[in-house]
Each structure stands twice: as structure tokens, then as C-alpha cells.
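Consider the two complexes below, in which chain A is the common component and chain B and chain C are the respective partners.
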Partner chain A sequence: MDTYPLTRRERIAQYLARNRRAVEAWLILTPILIYYFVFAVFPVLANLSVSFLDWNGFNEPAWAGLANYERFFTNPRYQQVLLMTVFFAVAILIVNTVLGFFIALALNEQVKGLGIYRTLWYVPTLTSAAVMAQIATVFIAPRVGVTSVVLASLGLESPIWQTNIDFARLIIVVFSVWRSVGTAMLLFLAGLQSIPLDVIDAARVDGAAGWRMLRHITLPLLRPMTVFVLVTGLIAAFQVFEPVYLITNGKSGTNVMMLKIYDDAFQNGRFGMAAAMATVMLVVLLWASFLNLRLMGQTSAEQQ
Partner chain B sequence: MLRRRLGRTLLYIFLISTSLMMAYPLLFAFAAGLTGTEDYYQSTWFPAPTEIHLDKWAAFLGRDDLRLWVANTIFRAGWYVVIPAVISVLCGYVFTVPRFKGRDAVFMLMLASMMVPGIVYVLPTFIMLARWPLVGGNDIYGQGGHGFINTWGALLIPGLINAFYIFLMRQSYQSIPRDYEEAARVDGANTLQIIWNVYVPLLRPALTVLVIFQFVAVWNDYLNPLVFAGGNEAIAPVALGAQRFIFSTSQNTRAGLIDYPTMFAVATLVTLPIVILFLLLQRYFVQGVAGFGLKG
Partner chain C sequence: MRRINSLTAVLLILTALIPAAAVAQDEVTLVIWGEPGTADCINNPDDNADNAACIYAQFVNDTWSEANPGVALKWENQSWDEELRQNLTTAILGGTAPDITVGENFIPSLAQRGVLAKLDLPQEVKDNLVPGTVMGATVGEDLYGVAAFSGVFGLEVNADVLRAAGLDPDAVDLSTWESAAEVMAQVTEAGKGEYYGVTLLGSTGNPAATLFRAAPYIHQMNADFCNRDEGCTEPTLNDPLAVPVYEWFRTMYANADPNLTFHGDEGYIYSQLYTGASAMQTDGAWGIGRAEANNCNDCRYYPLPYPAEGRRANVVVGNAIYSVLDASDHVEEAQRFLEWLVSDPVQITSFWSTGRLPTTFSALQKVIEVANGDTSSVPEFYFEQLGHTKEEAIEFAKTYSGFLDELLNGEVYILPQWAVEGSEMNRLWDEMFTEILTSDRPIEEILDEYQAMGEEIMANAE
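Showing the complex of A and B:
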């Protein structure tokens, strides 16, 4: 008998030989996927489960249902935190986008020394938020801080953030903008530089200039980038942590969800509340990401 | 013509004044770190040293704990450069070149994590690290000890997969012709040899972006070391160590005058390496950020 049924081992060998590339791919992927499930997928599910618990990390976890969420949306102190998170996110986002856009527009005018201006605007985004926030407390210190000295030289009384809520909030916004506007600037600049010169020239021949050029040529062509700057900027602005933690520590009407999550989880032993807030942030920012994908899809469909 | 020149002049005035405002905090910190304490208290809107004091810099650079923070950070940065680079180079290959069932589904699954904000991971990861069975005095059920918390494990285990870099590598692989790989196959090279010898040299721009952005991220990482290892000074990274040092200096009034120049010297010295890195590799930073936007 020359032909005989293949043994199990031979069948496996044959399969492996035929699908060698796929087998290799899965050999590479399997350990990576195991790690991915343990450290990227499972924590999200675990966070969701903890958000339904009354748990301080030490006691026996008790089922709390939606009580943590209810508390977050009805308790005045948590409502205030939600309100301030949205306020800071929107304020930082608007200033970053508008300022970043105009700087990029100015830099796109074939200025001499582009690299120097770009460096000055971008380098703050590379600094350590923690170290610079700790330094910011020196700038705003009463009497000896720079803000006080400058205001005093103008004959104005220097505000004290501990008692002046508006000043405290302004500091957080200014600091965050200083540390993140460079990214918006760089993105808009990349977008502007990718506009084909012949489009600009053609519009110029048709008599477009200044405001009309901006309104009818530049802005429409920049729309995908603008959507991207807005959505990624929103995601980042929602997650401002270091300045609030280190400059005001959430006092004087500046508390935000990032800090409240940190406090509830690691200072107050309210794991359930912290997890519920993290879930709320997840939902909001997922919504923003999907909006991004949809709007990006729309603009590229329009352009085709 | 005149109008045009006026426009240019206004443009430069606008750019120079706003750019100086952006640079002001860093220039201030740089100058204040070189100012004597007496001079600093005399200064108003900008520190004007009557003579350059390098002693604050020298004192900080001579500290043992600074060397420790820098060594810790460079060690951790090396780890968070090498492992994500290996993972994303391998995944980029797997998601581009071989065809197999489920490939695109797995890719989409991994991309999905890009949309999850980092804060969602902090508490569950903390609990996982603290309750890891059989480490740090924990029993088989993860009870009784501190697990990985306040150990190197907590600073090296989480967050090694970054979907953005997998995405970036996949983009790069797609721009490389398959001919090179086929030629190497004919010569008898296996898949790992092909990735290393054929693709990695061509992926250098993307890898450079990964290296610099990971390095900056680890150099500045504050929340993770604070939460996962804040209780162990021996493994503190630069951002946490420097922030704590600046804070304790600001609270120290025993000498009569708070030593502000030292605080600024510290801030300058921990910022300087990143600024130098940027000046050397500016092109890649711009490409990296633009890549986030144009491809994202």
C-alpha cells in the first residue's frame, strides 16, 4: 500500500505549510493580544464594574447599582465639578483653536525666521506640566510673584487666587493654553502648508485676497484639520490635571473631574465614585471621537 | 507698496510680541536660575542678575537624588521606547503584509483603545497592580501585600501598547513596495529576518517619531509615577522628583528668604534636555504632530 491516510501530525504539518504566513502572523499576535486584553481591554470593563459598587478598596464591595452615577449628576458638589470641567474644556479649546489658527496664518506668510517662532510657540508643549505648574505658583504668589509686581507697577492691586475665583480660573486657563496652543498652531500650519499653491494662485487671479481668500478658499480647505484640532483639543482639555492639582488643588472653584477622580480614588477611598466619573469621561470622549470620525468622513466625501 | 510694507511690519510686530510672551516664563526661569537670591528679590518683571550665579545650577547638578531621578527616567524611557517599538513594528507588519482571516478586525480592535482616555485606566490598573497574585507579599488571591505598587513593576508593566504607533507603522509599511520582501524571500530569509533587515531600515522616520515622543512622554510623566509608585523615592522619575523638590524649596522659610532662584534653576535644568532634543530633531517633531493630524 503506497497511499495511506494522513496521520494527525502530518495533517497539521500540511496545514501549517499551506498557511505559513497566517500561522506566523498569529504566533506574533497572540502574546501581544494577551497583553492587550489584560492591560487595555480588561481595565475598561473592570472600571465599568467598579462604578456600580460601593467600595473603598478595603471593605467588602457592596452593589450600589446606579447610585454613584445618580450622586454624580445630582449632588451639588459633583455638579460643580462637572460644570467646571466643561467650562475649562470649552474655554481652553476656544482660545487654543483661535490663537493657534491666527499664529499659523501669520507664520504661513513666508515670514523670515519661521523656525524660531515655531520653536517659541511649540516648546512649551514639551515642558513638564508638573514642574511648570509648580513654578507657576511662584509667578502668581502674592506680593513677590511676577503678576503682583507687574500689576503693582501699573498701580493695580494684585489678586489673590485663594479669594478671587475668577483669577484662580484664569490662571488654570492661561497655564493650559500656554502648554497646549503650540500643538494647534503646528497642526494648522501643516494644514495651511498642504494647500496647493496653484489653488491659491488661481483664486488670486480671480481677484480673491485678504478676508475673501480666507473665507472662501482657506477655511473650507482647512476644514478636516479644524475638525481634528477641535476634537483632539477637546479630549486633551477634558484631561487637564497637573495645573489644577498643583496650583490650586481644586480649591477656589477650580475643581475638575480629573482631580476629583484622583482624590476620590486615592485620597477619599471612594473607588465606586471615581470609576463612575471615569466612565462618564469615557462616554463623553468616545462620543467626541466618533463625531471626529463622522465629520472627517463627511469632509473627505464632499471633496471627492 | 507702502500698504504692503506696513502690513509686513505689523505682522512682524504681532509675531515677535506674542512669541516673546510665550517664551517669557521659560526665559524668566532661565535667567532667575542664574540670579543670586538678593538680586532676585530686587528684580521686578524680569530678573536682572548683576553677576551670573552658576552655583544654583551646580548645587542641583551635584545632588545625588537628581542623578537618581535622571537614571530612573532614562531607564524607564528606554524600556518604553524599545518594547513599544518592537510591538508596533511587528504589528505593523502583521496588519499590512500577510493576508489572513480576522486581520482587519484585530487591527480595528487595537485601534479602539486610542479612543479611551488615559484616566479610565488609572484606577483599574492600580487595583490590578496592587492585587497581582504572589508578588509584593500578596497571596495567591492577591491579598495581604502591596503587589507591584511602589516597585519598578508598577512603572514598567502597564501601557506598553500604544495603538497610535501601530497605526503609524502600518502607514509606513503601506508605502514600502513588496518587491524588497519578495527578493529577500527568494534569498531564503525568514519573516523576522525580513522585518529586521528589509523593513526596519525603511521605517526609520516613523521609528524616530516613536522614540522622541515616547521619550518626552516618559520624561514628563507625572500622574502614573505619582499614583503607582509615589511612595518609593528610590524609583522616582525626573518630573515627580523635581516637582517635589521645587515644592519643598518653596515651603522652606528657615533661611529667612525663600530660595526662588533654586526653584527656577531646577525647572530650567529638567526642561533643557527636552528643548535641546527638540532643536536637534525639530523636523521629526513637526512630522510627528502633523502625522497625528493629516492621517488621524
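Showing the complex of A and C:
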């Protein structure tokens, strides 16, 4: 049989016919890929390039090489900010995870009005940080604050919370946990409800209850969810900004990387430095994300 | 034939459009990021129908437009202070900056970065500007803006609280730190925890608010927060001249409600005087309107007390500086607008409408003349639209006379303009102030400790 060379149009038609599903997929994905590139990839790349510059935002940018990064890791002020960020991230993460777990455990029981309790715990997560900060301020305000009034009614003298930096740190942790514990609770609850009932029943038959049930059955089966809560919690906690900005405005001893990035860019005119800090943060968060993927992969492989 | 007809029609349309295009080219629109109150009045007149302060805003907009038909004004509210600075930075980076912007504390840093246009005003206009009001718009010898209106601090006194403490408000001496402290102590003692001698602002989360009210007293002793000759790169927190100032603050704190001092909400703290919770406070001229709104029947205003070994000094506050952006396509028109903003009619309208202080010598002088009984410079709207009498106009001007005198005759300063790490340095000062108020450690020791920290911040900023 004679074969004829295909025309260009025929070759394209043949290609489309063979790869129809792939072409359709790319066509569907193209708008979101454009969006993703413009609003996610491009800003990251632009930020990375600015981090190598000495630029106040208005002048001619000058090449600075790794100077901004060197400064971030060697300058005592930035080291303090980094330390505080790590402190808040760890403190918030631990309290959030432990509290979220126990709330989920309590809400996993069949009690009357369960939906209301679950909703109440989750509402702060959905509420604006500014509103929450205002509520927190009402609680800690001297003289007329809720805490002061309660202490006064008990005949106790209320301290002036605002003058104590340790208390300010505590408030930031409490505020952050208040806002995010709902998410941890929800995730743990989902994890608890996915534990097969026959496993629970079998454990009960074997005499497991209370602490033994928790230690040998619940916790091991919740491991994938615990890993997920820990890693996503770390990502969120590392970016703590609102409580610091709204409650203490970064008083020394509470300043964190996100606020320092804002200060350096908009107040000190050090866009290069701000971009370098943002890049460091990006690396940390990427590492946390990869860790998450890896651990999740491991746990699912173990379970299989 | 049809083609000829079509061509004729196109030519006719083009001929008709040419003059319109020419007019459009001549029309200049100045985009102004104005002080929020002014911008809101102009953009939402219906919502502000009963707001007397809007008379000024409408006057500025309408009078300028009538006198300058080719130069339209477009007002935008981009907030104030931090938010405004952030919006402005973003707009400049994005190439969408306005022609004119308002600002207060960040104007010098923008000027130093080459963002603002140097103002080229006639010498007589420059000479008429009260120096303190343009200090925050001056870099070296160059002027980068003018203040539309201004303010200084004074002592706001609730005479009813003095009476409640058994004192005669007309007889008390509040002119010096020593005499004022004596009155504060008497009121506090008589109040027995019900009311106090003074309201003091502690740490609020916004260090600038506290700094503003401490700065006049610092300057009264000829002290400062930094070496301004060196561009504020060297902190001078442990200036020995400042020690008596902080002792004065400790004295005031001993006569203030500590819980109120650290309440955290500036608005709430300064409204307590009107409820009778304290006898006096350091407040701006805006307190006059607020006292009226809060039904303070006998609130009075005096110049700030000053130390026997010091001098009268103050800082400008609520100083709305308008500057022209260097990237503006209409720098000439924008400068003309700024020059007009500090002309007598605008300045006088501002005072009688908003109660904000004028920023020129000539306008201040006219207000003082009213306080002395000559009401000829009071604008018609004050009587016709607002329904006041000449006597009320004289009383109104008299109420402000302490503030006016301070602006005209006192040494007026601006807050420290830190070369870098401004927010960090202000936070540091705020912490130092808290430590001074709440501990009994020697003041010198605290100042030295924070000076070392300040030096470290500035050294690491290099």
C-alpha cells in the first residue's frame, strides 16, 4: 500500500487525536497555571532576586550578593528576632497540638449538643485576627479588663499585664492557640472518627480502656494525622504576625520575622534585607512541607 | 460618490473632536491623598452634612476649582500614619503614586530618598510659615512640604475635679512642674482612689502616642532623644538633662491611676478626664472639641507647665504636611496648590471650621486679634451657617489662645526622625519609659542601660 506524506494540518490532527486527553488536561490547567505563575511563582522569583540587592525601594538597586543573608545570620538583632520566631513557633505548636488533641478526644464522645461544642471551638479560627485582638485587649486591659474585674471581685490585686514582657509573650501564645486550636481539633476529630470501630471493639474485648486504649490504640492509629497537624501547625506558627503586631507591636522580646520583614521593607527602606528574610522563611516552610510529605508517605507505607 | 460621502463624514467627526481633545489635554487633574477627614468630607458630602469640619474641606475643593478651572482636584483617603506610609510605598513602587500626598512623621525619610519634589515657594510665603510646622518637611535647607493645619500640646484641666478636691480653679498655679505637682498631689489625696491628680499615657502598643506627650517636657529641659545634627543616628537616651524630666514623670505617675495609665486604649484613657476621673492631662488642641462633645462643663486649657530651671517648649502634633511627589507629571500645578493651601483665606477657614491651628504667622495673628475682640477676620459661615455670635467667636479664639501662643512664641519641635530603625528605637524608648514609671530603680541606671541598647540597635543597623 502506498503511503503519502502527511500535510501539516493532518499531522496536527493526528497528534491531537493521539494525545486528546493530555491536550484537554493542559487546556483545562492553563488558566490556573497562568494564575499560579503570575501570583505565586513570579513573586517568589522576584523576591529572591531582590534579596541579593541593596535597595531602599526608590533608589537604583545595587548588587549586594549574599550580604543580606550574612547580616541576617550574624547580626544580634536579627538573631534575636529569629530566636523569638522559633520560640513562638515551638510554644504555639506544642500547646496547640496537645490541646487540640484533648479537645478532639472530648468531642469524640457522644454527648448532647456535640455540634454546638464543635462549632464553638472552631469559631475563633474563622474570626478576623483584628477582632480577636480587640477581644484579647478587653480581657487584659487594666482596671476595666475582664481579668482585672474578676480578680478584683475575688479581692485580689490585678497586675498591670502590659508592663510585663513575659506576660506579653504568654498572651501571644494564648491568642495564637485560641485562633488555631479549632483547626487542630477538627483534624484530630477526623482522625479519631476514621479509626475502625472493630479495632476499638477488639481492644475492649482484650481489656483495654482509658489510658491503655489511648496509648496503644488511639495514638498509634492517629500518627499520620498527628504528623500532619504538627507540620502544618509549624508552618502556620512560624508565620505568627497578627498577635504580635496587634497586641505588643513587636516590643523587643516579642518581635518576630514577619513583623521585622514588614518593618524593614516599609519603615527602614531595606527591601533587600526584607526579601532575604522572606527567602529564609520560604526555605524553612518548604523544608517543613517536604518533611510533611515524607513523613506522611512513611506512615502510609507502614500502615499498608 | 458613496466613498466621498463617507470621507466627508469622517472629516466632520474628526473636526468636531479636535477642540474636545485640546480641552482634554489642557485639563489637569491633581490626585491628592489627603488627610482622611478632608478627603471623606469631599467624597461623601451627604454623610457629612452636619459636620462643621467639612466646611473647610468643601471650601478648599470648591474655591480652588473655581479659581483654577484647568486644574481639577481628585481627593483620595488612603488612611493615616503607618497605613498611609505603606500604601504610599506600594503606590510609588507600582508607579501609581498620587501627585500630592499628606503625611506627618515619614515626610523627611521620603524626601531623603528622593521621592518628593523640592518646593520652590516665594520667599514671603516661606517667611510666613511657622517654623515648627515645616520642621518635619525640611531636609537640610530644602523645603518638601507645607502643613495644612497643625497643633501643639497644652494642659487640659477639668475645673470641676479641682473644686471637688477643695481647690479654687481660678487660684491654682499650674505654670511650673513644681506648682502643678503640688496641685496634682492635693487632688490625688482628696480623691482617695475615686479620682486622681493627672491622667498619664503609658505604653499603648503605639509608642509614638506616648512619645508625643513626653517630647515637649524633654525639650523643655533642652534634652533630646538623639543627636539631630548627626541625622539622628546617635541616640542620646541617657542625656543627663533628661533625668529631671523622667523624675517629673514619676511624680505624675504617683498622682495618676496606674491602671488607667496602662489601659492601652489611648482614646479611652484621654476621655476619662471628662468623666471626672482626673483633674488634668497633657492633650492636643483637639481636646477642646472632645471636651464639648463629652459635656465637660468647665474644661480649661493652659500652656504646658515647665520646669523652673528649664524653658517653654512643645512639639507639633496633628501636623498635616502636604508634599508633591517628584514623579508627578504636574509638579508646577501641585506646588501652586500647596502655596494656596497656606494662604490666609484657607488657613482661617480651617481654624474656624475644624478648630485645627493655622500654620502661618499671618493667620495665627488674625485669630489672636479675634481673641482680643476684633472679629472682622471671622469668616461669614461661622455666623451664618454655624449660627454663632461674635461673643462666641471671641470666646472660641480665647479658648485656643494658650495653644496659639505656644505655636507662635514657644520653642516648637518635632519627634525624633531616626535615620534608620525608627520603629525599633521608638519601641525601645517606650519600654524604657515603662521601666522608669513602674520600677524604683535609679533613673540614670535605666537610661544608661537603654542607651547601650539603642547604640547597639543603631550600630547593627549600619
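Here are some notes:
Here, the second predicted complex is superposed on the first by the 256 of 304 C-alpha atoms of A that agree within 3 Å, B and C clash if a C-alpha of one lies under 4 Å from a C-alpha of the other, contacts with A are read in each partner's own complex, and residues count from 1 in each chain.
Definition applied: a residue touches a chain if its C-beta (ideal position, glycine included) is under 8 Å from a C-beta of that chain, and two chains touch if they have at least 3 such contacts.
Every value quoted in this text rests on a predicted model; they were computed, and no experiment measured them.
For the composite obtained by superposing both complexes on chain A, the positions of chain B and chain C are in clash. Contact with neither chain B nor chain C is seen for A:L214 once the two complexes are overlaid on the shared chain.
Once the two complexes are laid over each other on the shared chain, residue contacts for A:L156 go to neither chain B nor chain C.
Within the superposed three-chain model, A:S148 lies in touch with chain C and out of touch with chain B [touch as defined at top].
Of the two partners, chain B and chain C, it is B that touches more residues of chain A.
By the touch criterion defined above, A:A13 reaches neither chain B nor chain C.
Once the two complexes are overlaid on the shared chain, A:A202 sits clear of chain B and of chain C alike.
Touch criterion met: A:T137 reaches chain B and chain C at once. When the two structures are aligned on the shared chain, A:G57 is found in touch with chain B and with chain C.
Of the two partner chains, neither chain B nor chain C is touched by A:V283. Contact with neither chain B nor chain C is seen for A:V98 once the two complexes are overlaid on the shared chain.
Note on the chain A alignment: of 93-101, 147-155 or 165-173, the part of chain C that runs into chain B is 93-101. In the superposition on chain A, the residues of chain A touched by chain B in one structure and by chain C in the other are 57, 137, 144, 246, 265-266. Contact residues of chain B toward chain A in the complex are 11-12, 14-15, 18-20, 22-23, 25-26, 28-29, 41, 44-45, 87, 90-91, 93-94, 97-101, 103, 106, 110, 113-128, 157-161, 191, 216, 219-220, 222-223, 227, 238-240, 242-243, 246-247, 250, 258, 260, 263-264, 266-267, 270-271, 274-275, 278-279, 282, 285-286, 289-290, 292-294, 296. For chain A in complex with chain B, the residues that touch the partner chain are 19, 21-22, 24-26, 28-29, 32-33, 35-36, 39-44, 46-47, 50, 57, 103, 106-107, 109, 111, 115-124, 126-139, 144, 146, 149-150, 153, 178, 181-183, 186-187, 190-191, 194, 225, 228-229, 232, 235, 238-239, 241-242, 246, 258, 261-262, 265-266, 271, 274-275, 278-279, 281-282, 285-286, 289. By the touch criterion stated above, chain A contacts chain C in their complex at residues 56-59, 75-77, 137, 140-144, 148, 158, 160, 162-163, 246-252, 263, 265-269. Residues of chain C touching chain A in their complex: 82, 85-86, 89, 92-93, 109, 113-115, 202-203, 205-207, 257-260, 262-265, 420-424, 427-428, 430-431, 434, 438, 453, 456-457, 460-461.
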